[in-house]
Structure formats: structure tokens, C-alpha cells
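Each of the two complexes below includes subunit A, the first together with subunit B, the second together with subunit C.
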Partner chain A sequence: MERILFYLIAAVIIVFSVLTVTSRRILRAAVYLLFVLMATAGFYFMLNYNFLGAVQLTVYSGGIVVLIVFAVLLTAHMDHKLDPPDRLKALAVGLLSLFGMGITLYALRSFPWAVTALPEGAYDIEAIGMRLLSYGDKGYVLPFEVISVLLLAAMVAAIIIAKKSTSND
Partner chain B sequence: MIEGIGVFDILVVSTAMFFIGIYGFLVRKNLITILMSVELVLNAVNINFVVFNKYLYPDLLQGYMFSLFAIGIAAAEAAVAIAIILNVYRQMKGIDVEHVDTMKY
Partner chain C sequence: MGNEAIILFIILGLVLVGGAFAMSYLVSPKNVTPLKEETYECGIETMGSSWIQFKVGYYLFAMLFLIFDVETIFIVPWAVVMKKVGLVAFIEILIFFLILGLGLLYAWKKRALRWE
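Up next is the complex of A and B:
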């Protein structure tokens, strides 16, 4: 049962990834990207990482896709169709990507994975929250604080860049 | 762990996603579609971290935390990128990469 669900999610991810990069209507490409990100959240739920799946759903498919859709609506017409890519270039890049994928999969295939049967740690939200704010061993308070500063900087930067400049127009 | 599914099976999916993202990054001309391809690549890497955490070191939380932070950084990156794209659109009247060559030469 779980295997079938895994193959279903994998098929959804691969098919909609391809559609995301080949669709000529940009809004549809954004919706296909949404499907890919939600299927990825499904992966996380299957692996029993519920909090990570929830973060993926809210931040990625809730936040980033909405941001992309807004950008599409602000910069393009609804029925605007992108030009098809140069045939030769698409072929060359596709072959290059397939080549890279082949090499990577060959390397992954021949690597001896040491899958362990250790008991799992605690993955509930309480344990993760304690880890994020812990100063001690295996605590993550430093990256937590650094990313909060980074998010503030990104927010200020985004506002300043996107603001209409009044001085030079 | 998913029953009957090994590390390699999940890595095949994330590798395919990664290289589809690379393909889109190189072929697409519109800046927003390039951003979408970058999101695909980031997402594939997140899957890798989570899978390594789950299958190889289930007693630690390192891969889990790393993908949590990577998701946050991806959100910041998308916000800044879209601000830049809107600014480029306002100044150049188009967001195809071929039109954005003012900083060249």
C-alpha cells in the first residue's frame, strides 16, 4: 500500500516538474510548480516528518507560489504565451541534463548506503522547538538567530528594491 | 521509513527533479520561469537532506533542521528575486533575459 502511494507521488513529482519547465503559459507553470511542492510535502508526511511537511505546505506552496503568481500577474498578460525555446538549444541542454542525471544515478547506485536501524529520535513539535532554542549540545540557537536577521534583511531589501523611486523618474 | 522503499528509490526522484530544474534554468528565457526552476532545484536538495536524515541517521535531527532552514532561506530568496524582477520590468518594459543587458559592456 505504502509502495503504491510512493510510486504515485513520485510520478506526480516527475510529470509536473517536466510540465513546469516546458509549459508555455506561465501561470499554468506556476500551478504545476504548486503540485510538485505539495507532492513533496506528501513525501515528508509519508516519512512521518509532520512538522516539516506542514512547513513545506505553508511556506513553499502557500507563500512562494502565491508570490510567484502575484509577480506573473503584475508582469504578464493572462493569455500571454511564451515563445518556444530554440530547438537546438533545448536538445543540447536536454542531452546535457540527461547525461548529468545518468552520472549522478550511476554514482548513487554504486555507493554502499549504510542504512541504520537505530531507534528514531523525537520528531514532535515540542522536541524541535526545544532543539531550536537550545544552547547546549545539538542545539540550533545560532542558526535560528542568524536566519531571523537574514529574514529581516531580506524583507527590508525587498521593500526598498520594489519601491517606486521618486527621485529619478 | 517507507516500507519496501530504499534510499536509492527516493534519490532517483530527487535527482530527476534536480536535473529537470537545471534544464529549465538553462532553456527558459523569462525571469519568473527561471526562478521557478531554481525553486525546483532547491526542493530536490531538501528532499535529499530529509532522506539522509531519515534513513542514515534517524537518531539525529541534522538533515531535518538543515531543510527547515533551507526552506526559510528559499522564501527570503524568492521575495528578493521577485522584487528585483518587478524593478527590472518597470525599467526595461520586459523580463526576458535577452532584454536585460544594460549592465553588460
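Up next is the complex of A and C:
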């Protein structure tokens, strides 16, 4: 059962990944990417990483894809079909991808995978929340507060960039 | 939560969407006229391509949305354990909100929330 589900999700990811890079229409590529990200969330749910799955759905398929789609809508010639890449480039990229896949497979093969049992509920939201708010040993309250500074910086930067470009035209 | 839930989710999703299409195909009367085949049955025809460049203002809102989206990710674990941890958790989130509130204040001041 688990195996069938794994291959089903993997098939979805592979098919839509290939469609993402082969689609000549850029907006369609963005939508195919959405399916890839959602299927990835499926893997997280399979691993009982419920929180990470939720993050994947809200931030990646909810936020990043929206950002990509909006960026595409900002381009002047989005109805323009991308030219198919020339043979030599396609060949070079193909070889490079195969090389990368080889290295990854080699690293995965040579890694001594040890099966260990995780304690029950080690990665559920409550455990994450407790760690996030604890200021004692192995607590993450400082990163938690620093994240808000990071988000603040991102917000200010986004406003500055967008305001600048609107005032120009 | 587990594999059964995911399988149930996939099946239910397929049944719901497929069922809605199948039902409307089976139940609806079919009386096709050229007028009904138009893209905008009750509107005016578009002039030129609709694939035009959009205003940059949309992008700003998308960015702000993404930032608050990420913020939610950190608030959810806090909300789950808030009662357990007690007052400390409340103070910690207040600091978090205070810093992010500055961002909102900045956006407000810079008129980034205004549609121009």
C-alpha cells in the first residue's frame, strides 16, 4: 500500500517536473510547478511530517507559486512562446543532469542507512512549538524572535523595490 | 494521519471533481447555440490579447502576502502550545508581533497598502 502510494506520488512529481521544464509557455510551466510542490507535500504527509507538509502547502504551493505567477504576469511578452533550445545546449544540459544524478545516486548508495525508530510524536506541531518557545537548553526562542527581524527586513525591502518601480512610470 | 488518509484524500478529490463534472454532464440539458459558445456569454468581447503586462502593484501585494504567510507558519506552533507554556509564550509572541508590527507600520506609512 505504502509502496503504491510512493510510486504514485513519485510519478506525479516526475511527470509534472518534466512538463515544467519542457513547456514552452511560461505560465503553464508555473502551474505545472504547483503540482510538483503539492505532490512533494504528499511525501511529507506520508512520513508523518504533518507540520512540514502544511508548510509546503501554504508557503510553497500557496505563496511561492503565487509570487512566480505574478512575476510572469509582470513580464511584457508572456504570450511569447519560448524558443526550443538548440541541440548542442540540450545535449550539454542532458549530460550535466546525468552527471549530477550519478553523483547523487553514488552518495545515496554509499551512505550507511541505519534504521532507527523515532520517538512517537517527535515532529508534531506541539513538539515544534515547545522547542520554539523554550529558552532553556535546546530551546529556539532566539531564532524565533530573529525570524521576525528577517521578515521585517524582507517586508521593507519588498516595499522599497516595488515603490521605486511604481514611481518611475 | 497516514497512508490511508492520503489515499482517502486522493480518492475523495477525484470523486468530488469527477462527480461534479459527470453529474453536470448527465443532468444538464444540451442546447448549443453559437451565442452560448462564446467565451464571455454575458459580456463584451475582449479587445486584443488578454496576455498583457500587469501592474507592478500586484507584485507588492503578493510579496506582502508571502511574508505574512511565512509568519503564520511560526504562529501556528505557538498557538498550539500557548496554554501549556503560559505567560512566557505570550510575552515571546508579543515581541514577535511588535517587530513585525513595525513592518506593517512602515508599509502603512509608505502608502504601500494604498492602491494607486
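Observations on the model:
Definition applied: the second predicted complex is superposed on the first by the 155 of 169 C-alpha atoms of A that agree within 3 Å, B and C clash if a C-alpha of one lies under 4 Å from a C-alpha of the other, contacts with A are read in each partner's own complex, and residues count from 1 in each chain.
Operating definition for what follows: a contact is a pair of C-beta atoms (placed from the backbone, for glycine too) under 8 Å apart; a residue touches a chain by one contact, two chains touch by 3 or more.
This structure is a prediction, so every number in the text was calculated from the model and none was measured.
When both complexes are overlaid on subunit A, subunit B and subunit C end up sitting side by side without clashing.
When both complexes are overlaid on chain A, the residue A:Leu73 reaches subunit C alone and has no touch with subunit B. In the superposition on chain A, contact is made by A:Asn50 with subunit C only, not with subunit B. When the shared chain is aligned, subunit B and subunit C each come close enough to touch A:Ala162.
In the superposed model, A:Gly100 makes contact with subunit B only, not with subunit C.
Once the two complexes are laid over each other on the shared chain, residue contacts for A:Ala30 go to subunit B alone; subunit C is not touched.
Using the contact criterion defined above for the overlaid structures, shared-chain residue A:Val21 touches subunit B, although it does not reach subunit C.
When the two complexes are overlaid on their common chain A, residue A:Gly63 makes contact with subunit B and with subunit C alike. Contact with neither subunit B nor subunit C is seen for A:Leu142 once the two complexes are overlaid on the shared chain. In the superposition on chain A, A:Ile125 makes contact with subunit C only, not with subunit B. With both complexes placed on chain A, subunit A has more residues touched by B than by the other of subunit B and subunit C. The superposed arrangement places subunit B and subunit C with a least CA-CA distance of 5 Å.
According to the touch criterion, the shared surface of subunit A, contacted by subunit B in one complex and subunit C in the other, consists of residues 2, 46, 55, 59, 63-64, 67, 70-71, 74-76, 128, 132, 147, 151, 154-155, 158-159, 162. On subunit B, the positions that touch subunit A within their shared complex are 1-13, 15-24, 26-30, 32-33, 35-37, 39-40, 43, 46-47, 50-51, 54-61, 64-65, 67-69, 71-80, 82-87, 89-90, 95. Interface of subunit A with subunit B (complex): residues 2-3, 6, 10, 13-14, 17-18, 20-22, 26, 29-30, 33, 36-37, 40, 43-44, 46-47, 49, 52, 55-56, 59-60, 63-64, 67-68, 70-72, 74-76, 82-83, 85, 89-90, 93-94, 96-98, 100-101, 104-105, 108-109, 113-116, 118-121, 123, 127-128, 131-132, 138, 140, 143, 147, 150-151, 154-155, 157-159, 161-162, 164.
Across the complex, subunit A is touched by residues 1-7, 10, 49, 51, 53-54, 56-60, 62-67, 69-74, 76-81, 84-85, 88-89, 92, 95-97, 99-100, 102-104, 106-107, 110, 112, 116 of subunit C. Contacts from subunit A toward subunit C in the complex involve residues 1-2, 5, 8, 42, 45-46, 48, 50-51, 54-55, 58-59, 62-64, 66-67, 70-71, 73-76, 78-79, 125-126, 128-130, 132-135, 141, 144-145, 147-149, 151-152, 154-156, 158-159, 162-163, 165-166.
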